[in-house]
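Which chain is which? They are A, B, C and D, in the order written, and residues in each are numbered from 1.
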Amino acid sequence: MTAHATLDHIPREILCAADYEALAPQFIAAPALAYIAGASGEERTLRANRRAFDRWQILPRLLRDVTAGHTRSTLFGRAWQHPIALAPLAYQTLVHPAGETDTARGAAAADACLTVSTLATCPIEDIARASEGEKWFQLYFQPKREATLDLIQRAEQAGYTALVVTLDASVQSPSRRALRTGVSLPDAVNLARYGAAPQRALAADASVIFQGAMREAPTWADLRWLLSATRLPVLVKGVLRADDALALGEAGVAGLVVSNHGGRALDGVPASLAALPAIRRAVGRDLPVLLDSGVRSGSDIFKALALGASAVLVGRLQVYALSVAGALGVAHLLRTLHQELELCMAMAGCATLAEIDSSLICENPDVDPD
Amino acid sequence: MTAHATLDHIPREILCAADYEALAPQFIAAPALAYIAGASGEERTLRANRRAFDRWQILPRLLRDVTAGHTRSTLFGRAWQHPIALAPLAYQTLVHPAGETDTARGAAAADACLTVSTLATCPIEDIARASEGEKWFQLYFQPKREATLDLIQRAEQAGYTALVVTLDASVQSPSRRALRTGVSLPDAVNLARYGAAPQRALAADASVIFQGAMREAPTWADLRWLLSATRLPVLVKGVLRADDALALGEAGVAGLVVSNHGGRALDGVPASLAALPAIRRAVGRDLPVLLDSGVRSGSDIFKALALGASAVLVGRLQVYALSVAGALGVAHLLRTLHQELELCMAMAGCATLAEIDSSLICENPDVDPD
Amino acid sequence: MTAHATLDHIPREILCAADYEALAPQFIAAPALAYIAGASGEERTLRANRRAFDRWQILPRLLRDVTAGHTRSTLFGRAWQHPIALAPLAYQTLVHPAGETDTARGAAAADACLTVSTLATCPIEDIARASEGEKWFQLYFQPKREATLDLIQRAEQAGYTALVVTLDASVQSPSRRALRTGVSLPDAVNLARYGAAPQRALAADASVIFQGAMREAPTWADLRWLLSATRLPVLVKGVLRADDALALGEAGVAGLVVSNHGGRALDGVPASLAALPAIRRAVGRDLPVLLDSGVRSGSDIFKALALGASAVLVGRLQVYALSVAGALGVAHLLRTLHQELELCMAMAGCATLAEIDSSLICENPDVDPD
Amino acid sequence: MTAHATLDHIPREILCAADYEALAPQFIAAPALAYIAGASGEERTLRANRRAFDRWQILPRLLRDVTAGHTRSTLFGRAWQHPIALAPLAYQTLVHPAGETDTARGAAAADACLTVSTLATCPIEDIARASEGEKWFQLYFQPKREATLDLIQRAEQAGYTALVVTLDASVQSPSRRALRTGVSLPDAVNLARYGAAPQRALAADASVIFQGAMREAPTWADLRWLLSATRLPVLVKGVLRADDALALGEAGVAGLVVSNHGGRALDGVPASLAALPAIRRAVGRDLPVLLDSGVRSGSDIFKALALGASAVLVGRLQVYALSVAGALGVAHLLRTLHQELELCMAMAGCATLAEIDSSLICENPDVDPD
């Protein structure tokens, strides 16, 4: 089966945000789809991410007047129309020739904050120009500190308003699905100018993991350096432990993203949603805590907010929507999620995000098997 | 496959009440069936409704003399032969040309209280004439208060003895199943004389949910108005929270229907049965608390009563029975449920409804997966 | 497919007792199999019976000397070689021309106590003659007390050493499986001489359950009468509640059979094994408490004993073995179960039944789905 | 399908250690595979072993510097490069002509301790010569004590550095899978010189289990004799109870292997991993406690260590790797497991085995069904 070309309209099959996932296989070639849909190891965390949302139910309140309702909030000193942002996703030209620039257009059209990956396939400056909306830059530490610094400065100059440093992916390897289909990834154009990583020979009894791959992994010292090296707020992505969250808050990060990289980092870690409540309790009410991994609907977002999230990031759905209908698809996806959230709030009797708290949810006695 | 015409006898395949659900696909055209069987969103609440009954087991008492047994009770000041009533179901001509009038005949034949939907496809006056039995009118608040008032007065005059105001369906949308088959719904004839809802333009940045659909949703103020606008007892349908239940009781409603609209309102809310015990505890023993959503057998009814319900309403099964054998089917369905309840009582050693309490049930250690 | 004729040897496919269940469909005609294998309602209790055994694991003790091991015990004042008896099963000529007499021969050959049903298809006197071993008579109360008394006296004279009065089947109806295949049951020859039950007209508003079927159901008064009407020890079969168990013990019964009739009485009741611990706690250590429903292997028996059973009764497996190889099959089944129990004891470090206690088992964290 | 001949390279399909299990059916004839893959009874313990690992999740710690990381430890007074050893597996010529000698070569190449079964199909002296690495001898007590003693002395002389006495397999019978395919096992060459077990007639009423098979089963007296009969450290394999573990430690064993024989001893016992925490608590921190049964990946090993294991043994995977690529396969399997463990440690922020403790794991709220 060949993948369809991107449409210039939203197909009728799309009845809800999650339908983009169902439709994507018709628009993305199989190897690229395996790369995107797959996750690490046995994909246990991938499945856990979805099930974690099923573990909660919504307990709607009746007869509330929500006619003045809205989804606005203030995050990092700025007004957000809704708590739905785009997660950083590498290599978007895999699914659409315009890649991240079209995603940026879609995000801007839907008033959604966009996070651009270090591994974008369009120059980050071009992406920035494609959107007047809020946009963040996702940073992977580079083998050479100069390269990291250069990336930061380019992001600052291009108008990105925050850095999201991703910490859970020190060792990256394609999923087994992807290895089996033999995907070939495009270039991460933004890294081209920094040259290849320095080759260092490993001692005979050295470990390719500890002394090899982990040589470039960021440590607390690197994070402290980063915090001093930029004027932008720094969010840390990939937090799953309450003790790490607390220490990060004390170290001065501007916010956290509770995330397991959509199941693509270490397989077998908890669902992000499962990790969220303890993290929110640890850091208190003031530090912004975002969440991603598994968000597929407005009711997922409602549950994340009820459990303490300040906002959510949407990962795979964004490239599925991009593959189906380009910028239009991305904008439609975001608007659909927004509307699903509003519907859920309205029917649960919540007029504002602040009203969504844990009294509106309860544990699901039976979780659906996959 | 074309749907069979309604039969003039009960087919041999019907061995229990739930068999009407299995047989219905042969008697209802696929789009109408999708509309009826379907539920909102992922249909999680639809599944939860069934599983909630599986979470309980019955602990039968031996050697009791039940030869004087019966299922009578007094509810809302009237004698009921059994605690099984019909839930309000819209658009019944979808499955049978005589629609709600035949349902009314069936209910009367089986001594069952009938609830007629605002969205009936027969005039509520005609339906009332078709039954000498107990009948209630289910009210949806109308955009114009005059229309709501007119509906109430028509119901009062037609002989309906209670109003059931449904509060969990402020935003209604067909299920995805229904959207995919493209069902077309008949007219809600009783609303014809009130004209279309007033069109009001939405502000550019307004939400189609909060400032749109929810504009007409009832609030506490509307409920208080309703209580003052009718001399009939008012039941509230769609309650899932104990705090709402308590407040409604204090506001003066005559009874509650613990319901999630058979999974057709907000998807992801708890099963009605799961919500029941806390609600019964909150309101105490005196306020009638009915339950619907998922009732398919006499043992389901037994469990609902053991967990605090005063009676149950039967939703989808009624139209399945109507599709199979018209009024005869509805009467047979109700008699079968009644007999299944009696069998369950007899074998559990209960001679009266009052004897069915929580000492007769226990938690099921393993819930069957779907 | 036609059912095979009974074999004169044990087929090689039989590697364990439970294999008789797998093989039976080749030896029993489909309608009879539906009657035997089926259970009431949704067959939830049928499934629960099996799952209840899976809820427990065995924690084997190492290095015990069990070379003097055995499975003997004293029950009702008599020596038992092993704690495995045959449950009463009606209508055994359905699966084998020699019916209950062959079962009796098989039981005797395997030193197993036999329970003969009121609804046997061979005269109870003939069955008694076919076995020199221990045998009990299962009593269903008859519409006429004279008939009940006559049955008791025939059993006493024929050499039955205990009465097992079954209390959980006041209303009997074939399973839906059986109704769908249209089985026709043979005559219960032992009841022929008592004539048909007296026909009494029901009042117009009477219930066919309460005033109909339950008219003949035994009550506490009937049980007290029975205890005074026989010199045999009376066991009560069908107990699931601790309070009933306690009251029965106080009323003077000689023993209890914790049973749900293999899922054939009220559907939705707990597994027998799940009900056992509370019953053993209620009656203390002295009253014999037997268990049936779901026993398929030696490790099932081990678990039942560890949870407080004095012995177990084997239901369906006996007619499966009878269908495969007649008396030989029944004897082989019983010897296989016995050996499986011994193996389990040996590997768990138990030399006697008395050593099998709850310290040898633990809860299974994950129960296999069906 | 005929089984492929062993390869001289690692096939591309092997992406992780567990893939050897998926590939093995192409390299092992069906009867031998049934013998190896199968387990006793219903294979409930076999499944439980895998699920037990799924019951835990890993909670990774961020930003740790692990560039000095390693997996070394000291066990039984010797330096281990990593905590991954080979479990004793009988009859390895079933899958590869070179049998245990090739396994030994693979183990040595990967710095892994090897355990050679009493039932090896190569002489234990030859196997010892094939490996300069650490190697242990697994002892089954023999019917004649002289034979047992001779085996011990041969092991001592051949350079084995510990005895692993297996206690959970007093009665051995092939799995039902194996019986159904009719596998024929090769000779256990090392036992040839001891002649057949003495035949003793059983008394007529004796049990083939208690007085038969268990006659040769080791008891506490035998274990005490063994401890006095060898200068080698003695590990006991097959421990699942905390009380046994404590008593064994007090009796002077050098270490324990928490094991259920990969589900091949008594079916229905707990997963080894489930039994581990209580055993570690009972014996304290000092006694080495190894674990096997179900280990398939580096994250399994991580979880076992976090729950108290000192090291793990790998069972079936070793013969699967042997069947695929001989000594090369075994070495590759062990290196892959080692690397998977390192990756897991690195991504969880652990630089040494000592850092892997229970704060790094948490219970999985939802266990995947099989």
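The criterion applied here is as follows: a residue touches a chain if its C-beta (ideal position, glycine included) is under 8 Å from a C-beta of that chain, and two chains touch if they have at least 3 such contacts.
Molecules present, by chain and UniProt name: A, B, C, D = Alpha-hydroxy-acid oxidizing protein.
These numbers come from a predicted model, not from an experiment.
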{"item": "Joint neighbours of chain B and chain A, given as chain labels", "value": "none"}
{"item": "Distance between chain centroids, defined by C-alpha means - chain A, chain C (Å)", "value": "60"}
{"item": "Chain centre separation in whole Å, for chain D relative to chain C (CA means)", "value": "42"}
{"item": "Per-residue overlap in chain B, given as positions that touch at least 2 other chains", "value": "369"}
{"item": "Graph class of chain-chain contacts, one of line, ring, star, complete, other", "value": "ring"}
{"item": "Partner chain D, residues of chain C touching it in the complex", "value": "15-16, 54, 56-71, 297, 299, 339, 342-348, 351, 362, 364-366, 368-369"}
{"item": "Touch list for chain B against partner chain A, complex", "value": "41-42, 44, 47-48, 51-52, 55, 167-168, 170-171, 176, 179-180, 207-211, 213-215, 217-223, 236, 238-241, 243-244, 248, 265-270, 274-275, 367, 369-370"}
